Every structure is written in structure tokens, then in C-alpha cells.
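Across the two complexes that follow, subunit A remains constant while its partner is subunit B and subsequently subunit C.
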Partner chain A sequence: MREILLGYGSAITYYVVAVTLIYFVILFLSYRGVYAMRKGAAYSKFQSLAGSESAPPVSLLVPAYNEELTIIDNVKNLLTLHYHTYEVIVVNDGSNDNTLKVLIQAFGLVPKEDETIRYSIDCTQVRTVYHNPEYPNLFVVDKPNGGKADSLNAGINLSHYPLICSIDADSLLEKDALIRMARVYMENPAETVAIGGNVRIANGCTIRDGVVEDVRLPRKMWPMFQTLEYMKAFLGGRIGWSHINGLIIVSGAFGMFRKDKVVEVGGYRDGYPGEDMNIIIKLHRHMLDQKLPYRVAYCPDAVCWTQAPDTYRILSSQRKRWGRGNLKNMIENRDMFFRPKYKVFGMLTVPYNVLFETLNPYFKLTGLLALIGYVAMDMTKWPVLLVFAAINFLSGYLLAVGSLVLEQLAFQRYPRMKDMAKMIGFSALMFLGYYQLGVLWRFQGHIEYLRKNNTWGVMTRQSWNQDATTTTSP
Partner chain B sequence: MYSNMNIAIAVIAVLVGVIVVGLGVLFSMKLKEIRKRRDEEAFRARFSDWFTYILANADGDEPLFIPNAPLSKAERRIVRERLVHWIEQFKGVPQRRLIELAERMGLVSEQLKRLDSPFEWVKLDAAYHLGCMRSAQAVPGMMELLKSLKPGPLAYIPARAIAKCAARADELREVTDVLLSHKKDAQPLIADILRESELDYAPMLATFLRSSDPERVKLALAAMTGSPADGVADTLYKLTGSEEKELSLEAARLLLKNRKALTQERIARLFAHPEPDVRAVTAEAIGELGLTSSVGMLAAGLSDPEWQVRFGSGRSLARLGEGGIAALREAAESDSEIRRETALAVLRETSGRRRRTAS
Partner chain C sequence: MNKLPEAAKLNELMYQAVVERYWAGDEASVQDCGIVLVRCLENFEDTIRELIRGLEAELHTTIETVAEPGKRQAAFLLFGSGMGLTHYAALHVKGALARLGAEDCAMMLAGMGKQAERNPRYFETMTDMFEQLPESMEIVLFRERYQPSGTQSVLLVDGDEETRRYVRLRLSLKGYRVLDAEDGNEGLELFRREKPDVIVTDLNLTGMDGYHMLTRILNEDAEALARTVVFTDNRVEETMRKCYELGVADYVTKPFSPAELEQRIERLL
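Let's turn to the complex of A and B:
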């Protein structure tokens, strides 16, 4: 029995090493990819391009469910972007609070009778479209509650432009974020079907009139952990995956898409979380099935600032939802697993996600338990457990350091030495509970999936001015 | 087990080593960044009078003075960045005087040397700055750099720089040839790059428009957006008959901006175009241009099988005064359901708009 436990534990240790090696390859690709991205961005004339008619018109879609605290700042922020032609479509998804009322009051909106919606993709019937000619590029759609995907589909049906951009209602875009993303599209419109933006955590930053004025690290523990986690995922991971056209997700908080392609795949999937991953998988599948050249790009210098959950309850709810969404997407698309037809996506991205993301909690938890069992039977073997823990910690910590180097090399968003020291310290602290909780939340998400729980979970919104909070549970 | 433990311990040792190196790199980069920022602030404070003087005299007559004190490498970089920023913001005399100042300070020759560097990133940096400083001398070197780069975001850096510096139209043509050969459908971006040039490239666009290569035609159409060149109306009209939807639509859009080129016959042909989008933009343009002679044509458009043509026709009728409204009212009583519904919807929209305006 002891030998079996030790064998299994050793196998899991190798699994951890394998995951780490793959992460390193991705990190290495990120380093390679960031060079061209940064050079291309640094030497582009965003100021003039933003005012140029050559920039493609974009429809910004903002699904809003009980967002009365943040929606006005968010819309103000979006209405003042540096971009030639764009529209902002806020979709009020049957909010229970005053989201619609505050929008109507703040922007003097009235029902727009001369708007004809073409239902090119399925969505709940729109009740009213609101507009004010004084804000010609703002439209507010009011519809019964149907979920985030349904709201995005409604926004697509109303949108007037060939590119669409999904933005969360609790997020703020930097003024040049849209033009930076459009530049990536303009460099290769023939093949680009989607572009992901870089999502950063705004907790702790100073925000005035919907603009992040002073970048600071969060003061609270949970957002601080998430800042590092996002940095690792977006810089250390997504740049690399996009370099080999294997990106599996474009964050729902900020992503740009070709509308015709989204319509061709039937729009966003309704009724389940993980719609941002699902749409990207559908686009990969569609383009590869059609044997068309394409790319899902990533633009790390197009930045969107978002509010991170700052309590255990909200964070765990969010992570369980992500776990459910991930599992659902992997099960639905299991036919792509190791299918040469789906190229990098089928041969690398999907297997990586299944083996190292979806199944990660099972391998890690059982491996740890096996080694604990092995050591419990002979306490003199405690170094085995120590080695397992050390490899886990050091490999993860090295990746965190690699992401911090990438951040410092290419972006330098956190200017003070104190910030750097804090990030290095917290990167180590994450191994003392946070990562383990992440594994647990994912596992709980899988249980929720089996119980057919497909709700959005608990979500809190906090005003950007941090003077009020509200809690909603759809 | 022994060998497994040994491997594991070796892995741990390697990981610890790499982490230590990584942290060392991270701290040294941060320290360098902080020092650089501090030095820049100090330099800006020391030279703030000179910067103010340059800005105040950018459009004067006297030659601009160079700072008296010799500048270190870092200080030259700060001066260069500031001048480049202003050169990009200004046009005409101030821009020329700032370029001349940059030349006298040796900033251009410095970058020309860097353009010969064996390192790609140095060359790209040099090309960007030479482009901003409008160095015609740098064009051959930048062209060589452009041709050496793989298709991708980096290629647009020397391409834009060449467009800014080009003294001859054939240099612009060469840039467009290279970029089009990358087959990325990036015509709008290439058109934006061409707009950087001070040369008159309209003749080049006119030849592109007549070309048999659809990529060149698309580029010409993209570059003419907003202001189609004179004398191309016939070519545009011919292009509206192209089998490629994108070409015919863009050509129609451009043609419909030029009222002088729109004969009744051309409008009628565009309105009968097999491509619904072309019919829709034509319907819309008739209203925008106030072509009251086309009321009958628009009234017929209310029965078009495509909804956007029907609504475009209806909305344009609403903009054409009494004649248009009368046609809509007549259609609202029509036996054809499709025609009647469109006319009623447009009449509702119009009265809604009027009510809003009145309130």
C-alpha cells in the first residue's frame, strides 16, 4: 500500500513539474511575443490614429444587471474614449435596482421609436431602446432578465458597426485602450476574429471622473492576491498563448470581436457562466472547420481596470462560477481533445486546459493525500512531503517572478520600489492558503456543475467613489 | 525512490537558483527605472527655461539656440524625445524649424548611424525617430529595414517612417508594394500611413484605382475615404459594377459623396444594383443630398425585398419635404403589406422625432 501511495505521489510530483515546464514554455513565448507587441505599440501614433477615419467603427456592448453604483461612471468613461467612430450600447438586463432609472436621469434619455432591431441572433425581446440626441453615440437597451450572454446578443442585434467590444459594467477603459486594440485589428483584418485586452485590478487606485489617475496596489488582501494572479494569467499566459494562436479565452471584461464571425457562430451561449471562453472556442472551431486562416490576438497594452471582489464570499462565488464554466466548456468541446484537425487549439490548448486546469484540483489534492498517507505510515519519510511542497512552491513562485519581470520589462505600471517589494512578498504568501483555496473553489464549482447549478452567484458592486455598496443575487 | 528524491532535490536547487537570478534582475531593473525617472525630472527642471524658449520661438524668424552646456547621452535622449513630440504635434514653419534644430544638434545624424546597427530593435528605434524628424536621407536604409522584416506589427514602424520622410512618389509606391505583398488586408492602416506623407499621392491612387489588382483598388478606395480625388468619378462608377461586393460597395459610397458626378442615370443604376448594400447606401444618399427628383425611385424602393433598402428609401423620402411625405402617405395606404408597413414605420419615426424636437 505504501509503495502505491508513494508511486502515485511521485507521479503527481512529476505532473507538477510537467505543468511548470509547460508554464515556462508559455512564459517564454510571452517574452517573445511581447517584444513585437511593445515595439509596435510604442512607435504607433495612437493620437492621430484615434482621430482617423481609417480606424474601424466599433460598438461597445455593456451588459448591466444591478449596476446602479458603477454604471454612470462607467458610461461617462466610455463616452470620452479617444476614438473616431464608436457607439456605446448599455443593455439593462432586467435589473431589480435603479440601473435604468439612473441612466435615464443622468443622460436625459427618452424612448427611441425610430430604432429597428434586427434579431440576427437569438435573444430575449427588447422592451425599449433609449437615446438622447445630445449623446448621439449612447444607446440604452431595456430588456427582461436573460443573463449576460443574452444581453450581449441583444447588444449585437442592435449594434450598427462591424466590430463589437464587450465591456463589463464594473470596468473602466483607459482612454486609448480602444484605439490600441483597433490597431492590432487593422494590422491584420483578414485574419483577426477576436482580440483580448489586458484586465488590471483597480482596487487601491485613485479614480476620478471614471479615469484611473494614480495606479496603486490594493490595500486589502484578496484584491492584492488577484492583482498578482491577473498579472500572471494575462502577461505570463495569454501573450504566450496568443503567440501560437492558442488563446482559449478573451476576458468578458474587455474583448473585441468581428461581428460577422460572432453572428456566424450564433452569438454568445446563453444560460451558463463561462460565455467568454465559450465564444472563443466556438470561433476557433468555426474557423478551423471552415479551414479559414484566422487568429485570436491579444493586446496587453489595451488596458481595462476592473473591480476585484474584496471579500471571501464574493471571491469564492466568482471562482466557483469560473470552475463551473470551465468544466462545462471542456465537456461540451471534448471532441476537440487531441484532434489534429483543430491544430494548436485541439492538440495543445484543449488538452492543456483539461489536464492542467480542469483536472488540476483532483491531481493535486489526491497527490497530496497520497503522500500524507505514505508519510503517516512511516514518519521517518517526512522529507518526501517537504520535497513535494517545496517543488510546488518554488515552481509556482518562479513563474510569479517571471511575470513580474515581464511586467517590469514591458509595462512598469507600478512605479514605486515599495510596490515591487509588496508584489514579491505577496507572490510568496499566495502559496500559504490562496492557491489551495483556488483548488478547493474549482472543485466546489465542479460539484455545483454536477448539481446543475447554473446561477451567476453572489456579486457585489462598489461605487468607484467607494462611498456605497450593494449586494445582488440574481 | 532514492533517484526520485535526488532528481527532486536537483530540481529544487535549479529552481532556487533561477528565482534568485530573477529577483536580482527584477530589483536591478526597478532601480534603473527609478534612477532614470529621477534623472529625467532633474534634467527637465534644469532645462525648463530652454524648453519654454523653444516652444515660444518655434514659429519665429531667428535660428533656435542649442543649449550651451554639453549634454550627456541620457540628456540628449530627453531632448530628442521632447523635440520629436513637438515635431509630431506641429505643422508648417514650427515643424520645419524644430527639424532644423534637431539636425543642428546632431540628433538626425546620430539616428542615421543607429540605422546601420546589427540589432533589429536599434534599427526600428532609429527608423521611428528618423521618421519623426523627416529625414529624407534615411529613406533607403529604412526601406531596406522594411523589406527585411517579416509581415507583422513591426513592419508598420519603418513603413510609417518612410511615408513621413519620402521625397519622391515612387518611394511611397514602394512602401505600399511591400505592405500589400504581406496580404493582410490592411488597406485602411496603409491608407492611414500614406496620409502621413506631404507628397501629392493622388495620381498614384488614381492609377491604383484603375489597376486590375483588387488589393490596390481597395487601398485607393480606403485612402480616398472622406475626400475622393477629382476626376475619378468615371472609374468609381465602373467599379460599382465589380463582382467583389466590398469593392462595389466602397466605390458606390465614394461616388455618392460627389453630387456633381451623380447623374439621374447613375443613381437609377445604383438603385437597381444587385447588391442590397449598394441599393441601401444609394437610398440613404438620395435623402442626404436632397435629390427631390428621385422621389419616384425611392417610393418604388419601399417594396424592395431587403429591409435596409426599404427603410433607407422610406427615411430618405421623409427627408425630401412634402413630395417625399406625400409618397409615404400614399404607400401607407397601399395594398402591399411590406410597402405599407415600411411607410407606416417611417411615418411613426418621423412624428416621434417631431414630437421630441417640439418638446
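Let's turn to the complex of A and C:
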């Protein structure tokens, strides 16, 4: 018994050391990526690209399900981006509130009879396409409920342009987000299949006319934790992964894709959460199977502001859903695990995700049990445990602060000293409960998966002007 | 007496003379101009002829004269004279009238006013005031008052503050009254309130898309787009086509030549 426990304990220790090392390597790559990006930005002026025909036109796809509170602001925001030619396709996914009605009213829409849709990807039959010549760039598609992926597929079928960009209906884009992404695309148009954008938390910011005007940190605890978490994931993580072309996910809230490639892989997968990770995995698989050169890029300066859940209930439901989606994707693509054929993606990204993301809860929980066992069987002393805990905390904290420094070096979205101090403080607080909760939620997500619970869970929407709050649960 | 054109109002004649002088010649001829208005109820034609002769002898130059015999009033336009010389001329006129023994006369002294060559209303106000003057041997000085609707106004809608400031400066040096708006909603509101003579707008605006703002303006005033210049960095053929189809008069792309923009605005007025 003691030997087993000891062996297991050392295995877990190696695991933790490996995780930490990998995080540091990724963070290091992120720094390099940001450095290259900063140098590049000085020479390529994306502003002049905004009006030039050499940047390809983009179709923005906005799936909307029960979004009557925020949809008008969001569409207004999307209609005033700094980009020469693009269209906004809002897909009303059979909402049972007034989403369609408020859209028709606000934009004076009328059914567009001469619009034909090519069903190049399977999706629910579209009922009506609405349009108003006064807003030539706006299309609203009405279709029966079929889920987010189905809505995106319907949007792809209607879209008129070679690039598509998926955007959550509760997100706002910065004015130059599209053109910054297009710049990254233009650097290598032949090989780029997808580009991820940077998602930031808008809670606490002042929003007027669908534009984020004053960037502040959230006042509430849960959004604050998520702000730091997103910052760490996007800046400290995804920049690094994209540097070695091993990005496994492009956030569903804001990502750009080559339409022809998305159509080739059959569009978004229906019926399960995690469709944003799934499409990227499918793209990797498709391109590697065909032995074509490709890249999945990440553009950290293209910013999308989103509303983070601000209550425990909704946050936990969201995280369980993510856990479920992640597990499903990993099980579906288990054949890529350590397959040299799939290069960086198969040899690094997938194993990393399986071992350190998907299975993370089990290692963490059993590790905790082992610790309790140690103490119970009197195999260790408190000081040793404390030293372990301290090292673990310090390395984690270093990573968190590392991504904060990255943020301040490259983007400076939070210029106030007060905000900086608050972020550093909360980065430490995250070790006292928030990370542990994250592990728990993921574990609960796996249980849901095994129980074949396949709902989207609760999600509330808050109107962008802070006064009105209403809850909808699909 | 050279000639006295007839059957036109004094202010119109003055404006015409000024415009001919200012716009026919080259830029260098834009100069000061003093104006002396005289009304003489008795023996009008002879008195004026006498005054011109006296003035020309005194100032050693020909003097452009316009007159409205019906109302028995005339104006001497002293091109190239500052206010000092004009005042001297007015005193001379006063003296001459006294010597001629003319009674029932009125005199007014005026300068050109800021950008008056673009602004017929300036002369209209001047003659209106002159007509209300009682007959006396005092010289009345006409002071130009600020008239908001007098000068040509340009509505400039652009999201970039630097561009706005620069174009506003250039245009106001040209004598336009520039209303500037940062975004589409503000632009539309200003359009409704101020009814500008020319609209210069970007397409890429916050709050409301520029193209949509133009459609709204078109709905409210069918004529307005014919005095609209789209001023944008969008160089896509399709967008230009859409804007021209909507009815805008001109399309200037950024980066831009300020001289070209000014010229295209000028042409619309």
C-alpha cells in the first residue's frame, strides 16, 4: 500500500512539473509571438488595407437564439465596422422570444424573395430571408430551431463572400477587429484556414451605441476571475500555440474561416456543444490528411468584447458544458493521439489536451486523495507539504503575472495602476478556490456526458445598458 | 457719369460688381473695398455725377458706381481702399453735398465685411439698413453683424478627429461655416437642425453606418445628396457604384488632396 501510494505520488509530482514546464514553454512562445507581432505591426499598416479591394470580403455570421435584449445593439455595432466590404447575416434560430420581431422593426426589414440559398452544407431548411436596401449589408435569416451549429451552417449557405466569421450574438467587435484579422490573413492567404480573435470580458466597461467606450475591470467577483482567466488563456496560451501551428480552438465568439475549407469538412457539427473546437480539429485533420500546407492563426489584437456570466449558477453551467464538449471532441478524435501523421497537432496539441486538460480533474482529485493518504499514513511531514504547495503556487502565480505583463507590454487595455494592482491581487486569489472549482466543474461536465445529458444549459442575457436585466433559459 | 444701370436693386448691383471684380480676375485681385452709399432725394442724377467727378479728382482713380435711380440712391465702390481712405472719401462726399446745397440726403459708410464676396445677404442687409436711415448730413457707419445663415455651411461627418480638425481648418479659411460631427447619429441630427449647403461624409462611421445615414438624408430631403461628397478610404468599386446610384454628387478617397476636396465642394455651390 505504501509503495503504491509513494509511486503514485511521484507520478503526480512529475505530472505537475510537466504541466508547469509546458505552460512556461507556451508562455515563452507567446512572448516571442507578441514580439514578432509588434515588430510586424510597425511595418504593415492595416489601416490602409481597410479601404482596399485587396482584402477579401467577409461574411459575419451571427447565430441568435432568444437575444431580443442585445441583438439590436450588436447588429448596429457590427454594421459599423471599419472594413470595405462585408455582410452581417443574423440567423434567428427559431427563438421563442421577439428576436425576429425587434430586428424587423428596428431595421425595417422585408422578406427578400429573390434570394436563393445553396445548401452546400446540411442544415435546417430556411424559412425566410429578410433584407432592407437601406441596410445593404444586413441579412436576417429565419429558420426553425436547430442549434448553434445548425444556424452557423445556414449562415454559411447564405453567405456571399469567401471568408466567414462567426460571432456570438452577445459580443461586440472593436471597430478595426476585422481589418486586423484580414491583415493576418493577407500575410499568407494561400495557407491560412482559420484565424482566432481575442475575446475580452466587457462586464464593467461602459458601452454606448454598441461601442465599448471606457474599459474597466468588472466589479463583480465571477467576471473578474474570468477576465484574468481569459487573459491567461488567450495571451499566455493561444498566441504560443498558434506560433507552432498547434491551436486546437478558435473561440466561437469571434473567429474567421476560409469558407471553402469549412464547406469541405462539412460545416459545423450539430447536436453537441464544443462545435468551435470541433471545427478546428476537423480542419487540422482535413488539411493533414490531404498533406496540404496550412496554418491556424491567432490575432491577439483583433478584439471581441463579450458578456461573462456573473453568477455561480450560470458560470458553472457554462463550464460543465465546456467540459462536456471537450471530452466529446477528445473521444471522437482519439485516433489522432500521438499519430506522427498529424504532426504537431497529433504529437503535441492533442496529447496535451487529453493529458493536461481533459484528464486534469482525475489527476488533481486523485492527487489530493493521495495527499490525504500520505498524511493519514504518516508518510510525510507538514513542512514538506507546505513547500510543495508554495512551489506550486509560486510557479502558477508567475505564469499568471507573466500573462499580465504580456498584456501590459502589448495591449495596455487597462492602463490604470489601480486596475493593475487589482489584477495582480485577484491572480493570487484565484488559487484559493477558483481553480479548484474549475476542476470540479470539468469533472461534473464529464459526469453529464456519461449520463448523456445533452442540453445547452442556462444562459442569461443582460441588455448592454446595465439597467435592464432579464433572464431567458433555453 | 459713366453709366447708371437701371431697374435693379442697389444691393444686387453691388454684389454683382463685387463678384465680377473678385471672381473674374485672378486670385491676386482679391483686395479691400470700401463702400460709400448716398441717397439724395432732389436732383439725384446731377448730384451723383457731381460727386463722382469730385471723388475721382480727389482720389486720382476711376470709381465704380452703381445706382438705383428709382429709390434715388447710389453706391460708390472703392476697390483697393481700406477703411481709412473710404472714410476720407465719405467726408469728401459730405463736404461736396454741403457745397452743392443738397438737402434731404443720407450717407453710409461700409467695408466689405468678411467673405462678403460669397454672401449676397451682406449687401441686402446693408441696403435695408440704409433705406431706413432718416435724411441727415451725418455719415452712418454700417457694421456687419454675425449672420449664422449667411455664409455657406458644410457638414463634415468623419470619425477621425485629426482629419476633422484639419479639414475644418482648411474649409473655414475658405470662408465656409463648418459643422462637424463625429458619428452618423450626430451627423443626421446636425443635418436636420442646420440644413447645411454641402455634406461631406465618411462611410465608415460609428453608431450609424455612413451609407445608411445617406439613405436617411435622402428620405428627408431628396435634393440633399446632389450636394454631397462622400469622403472615405473605401476604394472598392462596388461601394462607389452604390453611392453614385444613391445620388451622391462626388466621391473623394483618402488619402486625399485638400485642394481637390475644396475644389469639389466649391463646384457644388
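Here is the rule we use: the second predicted complex is superposed on the first by the 461 of 474 C-alpha atoms of A that agree within 3 Å, B and C clash if a C-alpha of one lies under 4 Å from a C-alpha of the other, contacts with A are read in each partner's own complex, and residues count from 1 in each chain.
Operating definition for what follows: contacts are C-beta pairs under 8 Å (C-beta built on N, C-alpha and C of every residue); 3 or more make two chains touch, one makes a residue touch a chain.
Quick caveat, the model's predicted, so the values are computed rather than measured.
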- Message: Quick check for you: in the superposed arrangement, does A:P136 touch first (subunit B), second (subunit C), both or neither?
- Response: second
- Message: Once chain A of both complexes is superposed, is A:H82 in touch with subunit B (first), subunit C (second), both, or neither?
- Response: second
- Query: Which partner does A:D209 reach: the first (subunit B), the second (subunit C), both, or neither?
  - Reply: second
- Note on the structure: Counting residues of subunit A touched by each of subunit B and subunit C, the higher count belongs to B
- Message: After the superposition on A, what does A:P144 contact: first (subunit B), second (subunit C), both or neither?
- Response: neither
- Message: Just to be sure I read the superposition right, which of the two partners does A:G425 touch: subunit B = first, subunit C = second, or both, or neither?
- Response: neither
- Task: Pick one for A:K175: touches subunit B only (first), subunit C only (second), both, or neither.
- Result: second
- Task: Go through the superposed model and pick first if A:N188 touches only subunit B, second if only subunit C, both, or neither.
- Result: first
- Which partner does A:A50 contact after superposing on A: first (subunit B), second (subunit C), both, neither? second
- Query: Of the two partner chains, subunit B (first) and subunit C (second), which one does A:V387 touch, if any: first, second, both, or neither?
  - Reply: first
- Message: Shared contact residues on subunit A, subunit B side and subunit C side combined as an intersection?
- Response: 48, 52-53, 133
- Per the touch rule, the subunit B residues reaching subunit A in their complex are 1, 4-5, 8-9, 11-12, 15-16, 18-19, 22-23, 25-27, 29-31, 33-34, 37, 88, 121, 124-125, 128, 152-154, 156-157, 160, 183-186, 188-189, 191-192, 195, 222, 225-226, 307, 311, 345, 348-350, 352-353, 356
- Message: Looking at the complex, which residues from subunit A come into contact with subunit C?
- Response: 47-48, 50-53, 76, 79-80, 82, 84-85, 133-137, 175, 209-211
- What residues on subunit A touch subunit B, complex-wise? 6, 10, 13, 17, 35-37, 39-40, 43-45, 48-49, 52-56, 110, 113-114, 116, 118, 133, 183-184, 186-191, 383-384, 387, 390-391, 394-395, 397-398, 401-402, 404-405, 408-409, 412, 415, 417, 420, 424
- Message: List the residues on subunit C that touch subunit A in their complex, please.
- Response: 183-185, 204-209, 211-212, 215-216, 232-239, 242, 253-254
